[in-house]
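Chain naming follows the written order as A, B, C, D and E, and within any one chain the residues start at number 1.
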Amino acid sequence: MINFIGITNDHHLEKNSSIENVDFMSFKWYWVDFSEATDEEMQHLSTTFHFHPLAIEDCIQKFQRAKLDYYREYTFFVTHTVHEEDNEIKKQEVDFFISESYIITFHKKPSMEITKVWNLLLAQDNLEKWDPYYVFYEILDKIVDNYFPIIYKIEDELESMIKKTESKSMDQLMDDLFETRNMLLNLLHIVNPMRDLLYRMLNSHHLNLNRIEERKVYFNDIYDHLLKLSEMVMTNREVTADIRDSYLSLNSHQTNKVMKTLTIITSIFAPLTFIAGIYGMNFKHIPELAWDYGYFISLGMMVVIGSLMLIWFWWRGWFK
Amino acid sequence: MINFIGITNDHHLEKNSSIENVDFMSFKWYWVDFSEATDEEMQHLSTTFHFHPLAIEDCIQKFQRAKLDYYREYTFFVTHTVHEEDNEIKKQEVDFFISESYIITFHKKPSMEITKVWNLLLAQDNLEKWDPYYVFYEILDKIVDNYFPIIYKIEDELESMIKKTESKSMDQLMDDLFETRNMLLNLLHIVNPMRDLLYRMLNSHHLNLNRIEERKVYFNDIYDHLLKLSEMVMTNREVTADIRDSYLSLNSHQTNKVMKTLTIITSIFAPLTFIAGIYGMNFKHIPELAWDYGYFISLGMMVVIGSLMLIWFWWRGWFK
Amino acid sequence: MINFIGITNDHHLEKNSSIENVDFMSFKWYWVDFSEATDEEMQHLSTTFHFHPLAIEDCIQKFQRAKLDYYREYTFFVTHTVHEEDNEIKKQEVDFFISESYIITFHKKPSMEITKVWNLLLAQDNLEKWDPYYVFYEILDKIVDNYFPIIYKIEDELESMIKKTESKSMDQLMDDLFETRNMLLNLLHIVNPMRDLLYRMLNSHHLNLNRIEERKVYFNDIYDHLLKLSEMVMTNREVTADIRDSYLSLNSHQTNKVMKTLTIITSIFAPLTFIAGIYGMNFKHIPELAWDYGYFISLGMMVVIGSLMLIWFWWRGWFK
Amino acid sequence: MINFIGITNDHHLEKNSSIENVDFMSFKWYWVDFSEATDEEMQHLSTTFHFHPLAIEDCIQKFQRAKLDYYREYTFFVTHTVHEEDNEIKKQEVDFFISESYIITFHKKPSMEITKVWNLLLAQDNLEKWDPYYVFYEILDKIVDNYFPIIYKIEDELESMIKKTESKSMDQLMDDLFETRNMLLNLLHIVNPMRDLLYRMLNSHHLNLNRIEERKVYFNDIYDHLLKLSEMVMTNREVTADIRDSYLSLNSHQTNKVMKTLTIITSIFAPLTFIAGIYGMNFKHIPELAWDYGYFISLGMMVVIGSLMLIWFWWRGWFK
Amino acid sequence: MINFIGITNDHHLEKNSSIENVDFMSFKWYWVDFSEATDEEMQHLSTTFHFHPLAIEDCIQKFQRAKLDYYREYTFFVTHTVHEEDNEIKKQEVDFFISESYIITFHKKPSMEITKVWNLLLAQDNLEKWDPYYVFYEILDKIVDNYFPIIYKIEDELESMIKKTESKSMDQLMDDLFETRNMLLNLLHIVNPMRDLLYRMLNSHHLNLNRIEERKVYFNDIYDHLLKLSEMVMTNREVTADIRDSYLSLNSHQTNKVMKTLTIITSIFAPLTFIAGIYGMNFKHIPELAWDYGYFISLGMMVVIGSLMLIWFWWRGWFK
């Protein structure tokens, strides 16, 4: 689907759902949105707008980092939106071709962020403030704002993990940590290229040429958010590592304590059972067996030996 | 609450608790403090001072790293104060709008640092030395000085952990270490952006334009402190890791030693009890049972076997 | 084998399988491919083309990182192709000497990438777009495209490892992880120098001199791929470390659980067997033995003791 | 205590133990040493020399990294000497104010390095080579030379740890390693700021203004030493980590081997004792008990079972 | 021993084993080699060549990183040769003083690399290509070439470690890994300063002044080797860490498997032996003892209990 909005020189807005018959020259600037475009519609990228084959290839191909490429008459941006679905991070690509007189957006799946800005533009009374780079800023701002709920959710989960480690089974906790670490790693590889894109936008010399310069304070605001995001992701990865180390230590320590107690029980009864075994032997001549208080003496001996062992273990600090 | 201090051209000070009727133009420079401002009072940021919407948004929003933004007529700073309450680090944001003729401070909670400098200014006889950037320096100096007690306290705790590891339970120590590591990580993410803020202040070309240049030696002094703080946080994180590794090794080694001793006891009695079992069997024809000294021979055999095992274990070094 | 293609000034193509009698001066530009050259054929590098001895040494020597060297009249490139054979990464070197009027390719083993571009060039109708650097771009693009299937395969294997950890034996999994980590490390040391080579190409001042500048957008596209690849390799190495840590924790935890259960069994029967041992002793006077219900009382006592131990263990949470 | 040396324009040296009556202007250059200065004597820093309050604060305050600050008329240096006392690193601060006509040294404890250079200067015949920066070089050279014995001692200790791991108790070794790692970390935070100080001295543009430039080769020599020191500290930290990992592995492996042997003993006697238990039962009708060779058959069976178990364990490789 | 070669302006070579009577001015350039120089011979460095005392100190002192220092009339280089002897890395220092008219080499032990180039120079027919910097290149090339056999040998050892882990004892493997890691760390601290030396040579502005510029392609070739070497060392360190982690995991897993089997045996016989113990008690009234088939019923019960335990363990997956 291809949508068109054109702003005339006297700041009027014209809307059109087909770009076949549009006279692009008659507008001060215009916005064309390729949303879930068919193969046929994609042809317009080359036939109507004459974009570079490599940029078009980047639109169509799936694997891309966020980036910007300067072409002579336009700048090409690859960005990524992120949404959570069923506990998984869904990453979608949104591409932009921007010049002073147009902004072309391209996305294979519907983008909530673009829809919002599209409707915002349609609802505007005063269009003077708007131009292609301001549209770009508004969309980018919304894209980056949508990164935060995901990292917040991860932080909440980590918070609850820290509190509930005891009631959770080991297998569950390890699984959760592994998934969280993976999610954070994926997020890092979305956030960092976006951050670098903004850094390049703000520091490139190419930018003196167009209107980004006077919009710098706006894009700087987005860059701030991305810096903060990148830091939050890294911190949370370190926190997951700390949770894991701390939990594993405690868990192995607790198992060891159990084993120690059990082994103490077994080892205390070993000599006692041995003594009982001795007087269970059937030798003809075992003098003690004939004593009147032999049985009680042997019982007493067992109590003494068992107690001495317990005292020795306690003295060695093995019950702590 | 909005407070106002104005310094006239002849270095007199005027104080006012309302900014409604102030004639800002009549002062050489002035300081307006927004402390726990109501929503209504916050309006002054845009209506009276015409600050950029993005800077105002940063004041109101909660999540911010320390940073500075250059606007045409003023510089905007986000900084963080830190206080300890109930063993937790409480982080508060203090924002500054600074130009040659004013300093506007904004904070949602009362700030001890600002109160101190406010009172210091009121108590001054000679106001010649003071200007908006000197006020900023004085507040920043106090903010950064207040970071130290927290890191000192952490260092003291680590010091006592190193000494008292033996008397502490494993669970308590792991918990303490985890919390300390977390605190240090949070501190790092407050200190490092502050340090970078100072670095940018000291190295930016924008600064030739205003009076920071001649105050450089003052801000450099604060930067020193932040460099030292950042290093102390990192060192302490490494020390926590070392304490954990060292304690876990020792703990697991001690458990192993206990288990070894217990298992030695059990395994020494295994063959002895077996022998006693043999002569406890009820076969009709067991020649040894009829021997006169059978019982004593069997006891002797057990002593010999037990001793040989002990000697062998000792010779293998298993009692070390 | 030495192959020759020459493009005349009027864009015609001439092919020749020997370079002995070629008049190089009569062509606008030409491509000479040294494929599995004999020692004798290699002589042409110095006698016919007069390349620098150090560059020729780099062709012949085996150990090389990808790199580029600027010589006065040509640029020398060392690149690496990668193919998978029998679960191992096979790395092959392809070297290039490029100037405005020629491209010389050198490779000791047949290179699929070069064959493809060679045939592509032969099949062209319009040769105007082609020049030595465009040939280089086409080959490099294919070389880098062939890196992806290997990293995709590794990612698939890791994906299946994560899912199937339970059904796999420990030894097998550790082996697989070790091999995968090794493969990723080798890949990293192929990808990173290639990435740095492209970076230097795109940022060097030497490049203003030749036609790379106007081809920059093409080489930039390859650089994108290499950035992405380098990131993928690093991420996958981190994922392998996470899988290993997570699997080892779980495995050791499971072993501990088994041991705990077994030790509980042993330690519950230790006191019971001891009691049975006591009443198996042959003392003449053991009053209990004469009791009518002695046997049943002793059985009951054993049940009580065993149950108390089970209850205590359960209460301590040792069955979790 | 404040000491004074002045060098006149005709290269004569004047010594004075009080600076009250000194006519500073009459000297080509002079050296004032504040050694363990009283609060009263410290007043001279501001009243006599008019140093910046922040620099004076740095002298008096305890927590400082090594650093240099450029003031208009002098450069201020904070450096650290290091000595070992009772196996602990004692760090002392030595501060310098240096201009073309004076060097002021400040230290709260006596400094062997300064005493040495002071005496060296007093013993000179030809004073032409000397000036404030040469004095600074001589002191700095001695300060840095004194770092080496400490790191050498640590290396010797590590060397002996590697050789004697077996005879040392685990607790002792872990303690030693922990202390050594701590010492190295502290050393790192002394050496690295010193190294950075030298780097800034050698690369700053401020230095064209004074005589450091022609002394560059001297300060470069010290910088070399600090680079080497920093590297040695890092290497030794890695070696400590390696020793710990290696020792822990071996220790846990040895414990495991002991446990395995002990458990083998216990598990071999378990079935044997069980058989003995069976024939110790008092059932009226146990046919085997009546056999003539029942006892010997049962003994034989036990030997066979025990041997089979041993063979099986051996075949499984459990005795390795 | 001091050796001398002088090249006259008409490209003749003069050799001399004493430099006492040499007229240095009569040569286009000359090479003086201080090999195992006596203290007396070392005097020539200052008396004959007037080198800077700090450079001479660096020759004589033992601890040095590879480095270069620019003096006004010459450049001073410290480099390190590496040879393997008795499985240890022997590091030797070779120092160079180079100007346009001379190269002075200094080494305390005989250097195979210098001998080779010395003889190569003596055997030359055409000396036009040679000058002090070409001599330096030839020696440096040989020094760096000699680093490779050592790293190749380490790689071979690691390769064989990976294959033979099973047949090696734990203690031996840990020792080998520790030594290899140490060797690699030492190598790293030789290779990296050499690499940085080359980097500085190739990128310094000082170099425009002398003939290195036109030799750049030669020194670049050596720099390539050092980059590759540094990478190989780092990779091999990572591989050692991987081998250790992998081996330790497997080893501890195998021990655990053994312990599990042994403990299963013990815990299966615990209840069986207990039952036998019950019927070994001597109570007067134990009804079962009088049953005709009591013995066989009890045996059957034991078989059933043992089998149920085995089935339960198998069902829980404890035999895997």
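Just so we're on the same page, a residue touches a chain if its C-beta (ideal position, glycine included) is under 8 Å from a C-beta of that chain, and two chains touch if they have at least 3 such contacts.
Remember, it's a predicted structure, so these values are computed and weren't measured experimentally.
Least step count on the touch graph, subunit A to subunit D: 2. Considering every other chain in turn, the ones in contact with both subunit A and subunit E prove to be C.
Two copies of one chain, subunit D and subunit E, touch each other, and the residues they use overlap weakly: the shared fraction of interface numbers falls below half. Overlaying the C-alpha trace of subunit C on that of subunit E calls for a turn of 70°, given as a multiple of 5. Centroids of subunit A and subunit C (each the mean of its C-alpha atoms) stand 24 Å apart. Note: centroid distance subunit C to subunit D, computed from Cα atoms, is 39 Å. Shared interface positions of subunit A, i.e. residues touching 2 or more other chains, are given as 252, 259, 263, 266, 270, 273, 277, 280-282, 286. The touch graph of these protein chains is a ring, one cycle where each chain has exactly two neighbours. In ring order, beginning at subunit D and turning toward subunit E, the chains are D, E, C, A, B. The touching residues of subunit A, counted against subunit B in their complex, run 148, 217-218, 220-221, 224, 227-228, 231, 235, 238-239, 242-243, 245-246, 249-250, 252-253, 256-257, 259-260, 263-264, 266-267, 270-271, 273-274, 277-278, 280-287, 316, 318, 320. Across the complex, subunit B meets subunit A through its residues 52, 54, 57-58, 63-65, 67, 69, 71, 169-171, 174-175, 177-178, 181-182, 185, 189, 244, 248, 251-252, 255, 258-259, 262-263, 265-266, 268-270, 272-273, 276-277, 279-282, 286, 288-295, 298-299.
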